[in-house]
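Dropping the structures in below, format is structure tokens.
One chain, chain A, appears in both complexes that follow, with chain B as partner in the first and chain C in the second.
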Partner chain A sequence: MIGARRLALANFWVAITAFGVAAAMALMQALSRADLALPWRTPKMYYLSVTAHGVLMALIFTTFFIMGLGYVVTERSLDRPIKLRRVGWASFGLALLGTLLAAWAILWGKATVLYTFYPPLKAHPAFYIGAALLVIGSWGWSWVIIHTYLTWKRENPGARTPLPVHGYMTTIIVWILATIGVAAEVVLLLIPWSLGITEKIDPILARILFWWFGHPLVYFWLLPAYVIWYTMTPRIAGGKLFSDPLARLVFVLFILLSTPVGFHHQFLDPGVRAGWKFFHSFNTQWILFPSFVTAFTVIASFEVAGRLKGKKGWFDWLGALPWGNPAFSSVALSMIIFAIGGFGGAINAAYGMNAMIHNTAWVQGHFHLTVGTAVALSFMGIAYYLLPRLTGRELELSLLARIQPYLWFMGMLLFSVSNHLTGLAGMPRRIYQFDYGGSEIADQWVAGTGISALGGVLLFASALCFVAVMFGTGFAGKKAQPQPIEFAEPLETPNNKAQILDKFWIWVLIAVVLIMAAYAWPIGEHLATPRFGSRGYSPF
Partner chain B sequence: MKVDLYEKIWMWAALGIVVLFLASLGFSYIGRAIQPPSHVEMIDPEAVRTDEEFGNPGVTINADGSATVVVQAFMFAFLPQEIRVPRGVPVTFRLTSADVIHGFQIVGTNGNTMVVPGYVSQFTTSFSRAGEYLIVCNEYCGLGHHVMSAKLIVEEGAGSAGSVGESGGVR
Partner chain C sequence: MSDEELRGSSDLDADIGGHPKGTLAIVGVYGLLFALGWLILYFLVFVPRGALTQ
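Presenting the complex of A and B:
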């Protein structure tokens, strides 16, 4: 039984609840795609629910789940209790307070600004203050993990940092570098403006700061999933990690490459010079490399699992993997989906092709593959593994748990492929209706949106299964002696190889230089140019 | 650091793909001068409606046969509602917003830009196919976002004899 168990569980329960509410919002959006005339379906409800779905899934579910998993992974792999547990609880409280404030503003229709909250759309101050508290809470959590790690290092001089903690330290570094951007946006620009202290705001400056944060944010989601893929799933599959140093190399590359890439979300913005957009486009392509390496290492680790079970031949090992165990199948399926998402990502990052798909349905098709499946499905899978071990209860409704990843996989393929296609055909994202006065051009999207609605219904069914299993296990599961939480052993112990990959300060230093090159100059240039501000609008 | 032979091959191949992607980006940027669409020009969003240019949005045919289209975006419409341009000539779009951020996307083409208050967006393209195109707002701008649209009509005209220029490639 681990010391920070209750702290981890508190974070998990907030994450699971947010996930359940957000999934309910998504059902309504999916049915909107089928254009069904439902009584509660109005533009106000639609855009409100898109905002709630985005914020709860992408910011609340992910952040709380990552914080909970961080406590478990750090404590178990360092084999020492989390330090500063009180700071952990205070951080949890702050983040929860922030969540409730923002949720109140959204559900009462005072913050229908979507989860990108671009000014001059103006929400109730509670929305921005809530977002700030969530980020401050996550910084507190970061400090708890860093402090525990540093204490462990002092107690174990010369010992190799365990890989799960190495992955989590990179997660935290990426998060801190990223949140500088959004903290500046929210605290310096949005909060004073929404309170009426400042009258006007510069929308492009806000977008630059938002995307400084917005792209590394996706690696803040993805890196804990990589920690699961590298250090937990191979063990669950009965195998060993194929290569420990390469996993560390991948983590370190994300410290360098995560942040200086944000302008690839702003290829079509005015007010940013072409050269900066090109520089960020160039940087972005490199991110493919660590993900390619991950695909090899993790799949090779699965092959090791199959071969340890005595399978020979080229593909026989695939059949020996525990496909009926949702903690494994979720990750295997999410990796297949992530491969498709990766190729789409390379297209998004090339500005020539980006002009065809920018802000179309393609974009939501893309990120539901990456964060919506590679990350979310991996988190769900590891929740099946962790919850019984943390609560000391057996997994309830295990049949639902077993089919849930497959349901999600099928639903997401339907949803995402159809969104990619309608996006290529020019359908904008985030629209309540797509009639456009009976336009024949808009008519050609109908088949695709119908399929995406069907996919959405399957996804909702899958989400219901997950939430039912979680609450069933947490509150009604049979008491049982919990099994230990274990990590994959590497095929070859890392010993002293590539020690430099554990010296985080070197990589942070290079990352800071890269961020300065990518952002300090363009922001300085921007601030030096005479600009006009915008007053706020709340058309919702 | 010892790396397995197969993984080494895989890593070099992955690196090769990334370098190929970078080379194709670099070639289009330098070799063919295809740059990310960009334009830096400021305008007071409160003066858009009285501005000489954006207060009178519409199409101008220039002396060289090219066209300039000035568009004003606001919640929840574009002005002009109907844009007529000749086929096959360079068409320069100049846009700005009088209120929040909008998108301007000519469906089925790479004519796509953000329209941000305080800034003028500008891009040049050409249309090789005559006919009617749908223009939609693709950035959430409020409860009327999904009705914000306009029409583009590409006409066979005097100026349409020329071939599609380097900046074109629009279907």
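Presenting the complex of A and C:
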């Protein structure tokens, strides 16, 4: 039994609740974008729901789920209790308070600033203070995990860091390096501005600091999914991890390359020289490499599982995998979707080609493949595995659990492929009126928005299934003896191979140098230019 | 759904000969499709539209 079980569950329940609310907001947007005349459809409602969906799904669901999973993975793989559990509870309380503040501001229409909260769109101070508390809470959680790990290191001198914890330490390092940017933006710029202490704000500086955080945020979401893919799913499939050192190499590469990449979100922004944008574009293309390695290693681990069941052919092992087990099918389907998302990401990061799709529907199509499926569906899959083990209850509504990943997969294909195509045809993202004031070019988008809405309906049905299974299991599941949480063994024990990959301080040092190289000069250059600032605007 | 089904099982004494030829084939085909898709977008969409010049 996990000692930090209640702490992990508290985080999971906040995540699942946020997911349910965000999913309802998503259905409204999908139907609204297809111009379906919903009775409550107004621009104000549309943009409120876009903000709520983005913040609750991308920031609240993910962060709380990652924190809950972190407690489970750390305690189980280090085989020792979590240290500083009171700090863990205090951090959870802070993060929850921040969530409630931000959610209040959004749902009461006082923070319609979208998930990127770019100024000069201005929100109620409660939104920014809530976001700050969420980040501070996550730093507290980070310290609990780091402290537990360092205690284990002292107790086990010379022992190899277990791979799941190696992945989680990487996650925490990426998160801390990333949140320096957003902390500076929120504390130094947004909170004083929203409280009226400063009259004007520098939108370009705010955007630079946001994307210092905003892209590595993607890897804060993705790395725990990789921990699941590398260390849990191969075991669930009945196999072994193909290569432990390759997995460690992937995690380390993310420490180096996650942060000095943010300008690829700002290719069309003024205020940053082309050379710096090209440098960030170059770094972003490199980050495709660890994801390719991950695709190879995890599929190879699944192939081990199929071969262990006696399959000898090129592809017959695929049929031997447990496709009826939602803990497996969720991850396998999320990997297929991620493969498509990787292709789109290479277009986004290409300096010239980005202009084809910048701020179009392609972008929302892309990140629903990556965070919306590779991450979210993996989290849902592992929730099916973990919840019975943490609650001591059997998984309820198992038929819904089995079909849910496939519904998500189908819905996401319809939603995202149609958004990629309408984006290429020029349809902007984040618009309320898809006819774009009667523009002729908008006629090309009609079929796509209809298909996208159908995808949205399937996704909503899938989300309902997930939430029903979770609450059904957690509160009405039949009591059962909890089973152990197990990790995949590697095909070959790593022993002393590539021990340098466990020396995090070396990688942190190099990462800091890269971040300084990527940001110090362009920020300095921007601060040295005349800056006039902007007043705040609240359209609703 | 039984816990054994969720956890999966493994028979680690079984033969895994031929591994990882299937994975190499899948990843190889993906790599080809990836490159092909990128080139299609580059030559059929990006080049005809032209790059932004300012």
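The criterion applied here is as follows: the second predicted complex is superposed on the first by the 540 of 540 C-alpha atoms of A that agree within 3 Å, B and C clash if a C-alpha of one lies under 4 Å from a C-alpha of the other, contacts with A are read in each partner's own complex, and residues count from 1 in each chain.
Just so it is clear, a residue touches a chain if its C-beta (ideal position, glycine included) is under 8 Å from a C-beta of that chain, and two chains touch if they have at least 3 such contacts.
These figures come from a predicted structure and were not determined experimentally.
Student: Is A:277 touching the first partner chain B, the second partner chain C, both, or neither of them?
Tutor: first
Student: Any idea whether chain B or chain C touches more of chain A?
Tutor: B
Student: With the two complexes superposed on chain A, say which partner A:296 touches: chain B (first), chain C (second), both, or neither.
Tutor: both
Student: First (chain B), second (chain C), both or neither: which does A:121 touch?
Tutor: After superposing on A, A:121 lies in contact with chain B but is clear of chain C.
Student: For A:441, using the defined touch cut-off, is the partner it touches chain B, chain C, both, or neither? Pick first, second, both or neither.
Tutor: first
Student: When the two structures are overlaid on chain A, which partner does A:236 contact: first (chain B), second (chain C), both, or neither?
Tutor: In the superposition, A:236 touches chain C alone.
Student: Touch test for A:355: chain B only (first), chain C only (second), both, or neither?
Tutor: Both: A:355 reaches chain B and chain C.
Student: Looking at A:139, would you say it contacts chain B, chain C, both, or neither? Reply first, second, both or neither.
Tutor: neither
Student: For A:346, is the partner it touches chain B (first), chain C (second), both, or none of the two (neither)?
Tutor: both
Student: Report for A:89: first if it touches chain B alone, second if chain C alone, otherwise both or neither.
Tutor: neither
Student: Going by the contact definition given at the top, which residues of chain A touch chain B in one complex and chain C in the other?
Tutor: Of chain A, residues 242, 268, 292, 296, 300, 346, 352, 355-356 contact chain B in one complex and chain C in the other.
Student: In their shared complex, at which residues does chain C touch chain A?
Tutor: Chain C residues touching chain A: 1, 3, 5-12, 14-27, 30-31, 33-34, 37-38, 41-42, 45-46, 49, 51-52.
Student: Using the touch rule from the top, collect the residues of chain A that touch chain C in their complex.
Tutor: 235-240, 242, 268, 292, 295-296, 299-300, 302-310, 312-315, 317-318, 322, 324-325, 327-328, 339, 342-343, 346-347, 352-353, 355-356, 384-385, 388, 394-395, 398, 401-402, 424, 480, 483, 486
Student: What residues of chain A sit close enough to touch chain B in their complex?
Tutor: Spelled out, the residues of chain A in touch with chain B are 43-44, 47, 50, 112, 114, 118, 120-121, 202-204, 207, 242-243, 245-246, 266-274, 277-278, 281-282, 285-286, 288-289, 292-293, 296-297, 300, 346, 350-352, 355-356, 358-360, 425-437, 439, 441-442, 492, 497-498, 529-535, 537, 539-540.
Student: How about chain B: which of its residues touch chain A in the complex?
Tutor: Within the complex, chain B contacts chain A at residues 1-4, 6-7, 10-11, 14-15, 17-18, 21-22, 24-26, 28-29, 34-46, 75, 99-101, 103, 105, 107-108, 110, 112-114, 116-122, 132-134, 136-147, 149.
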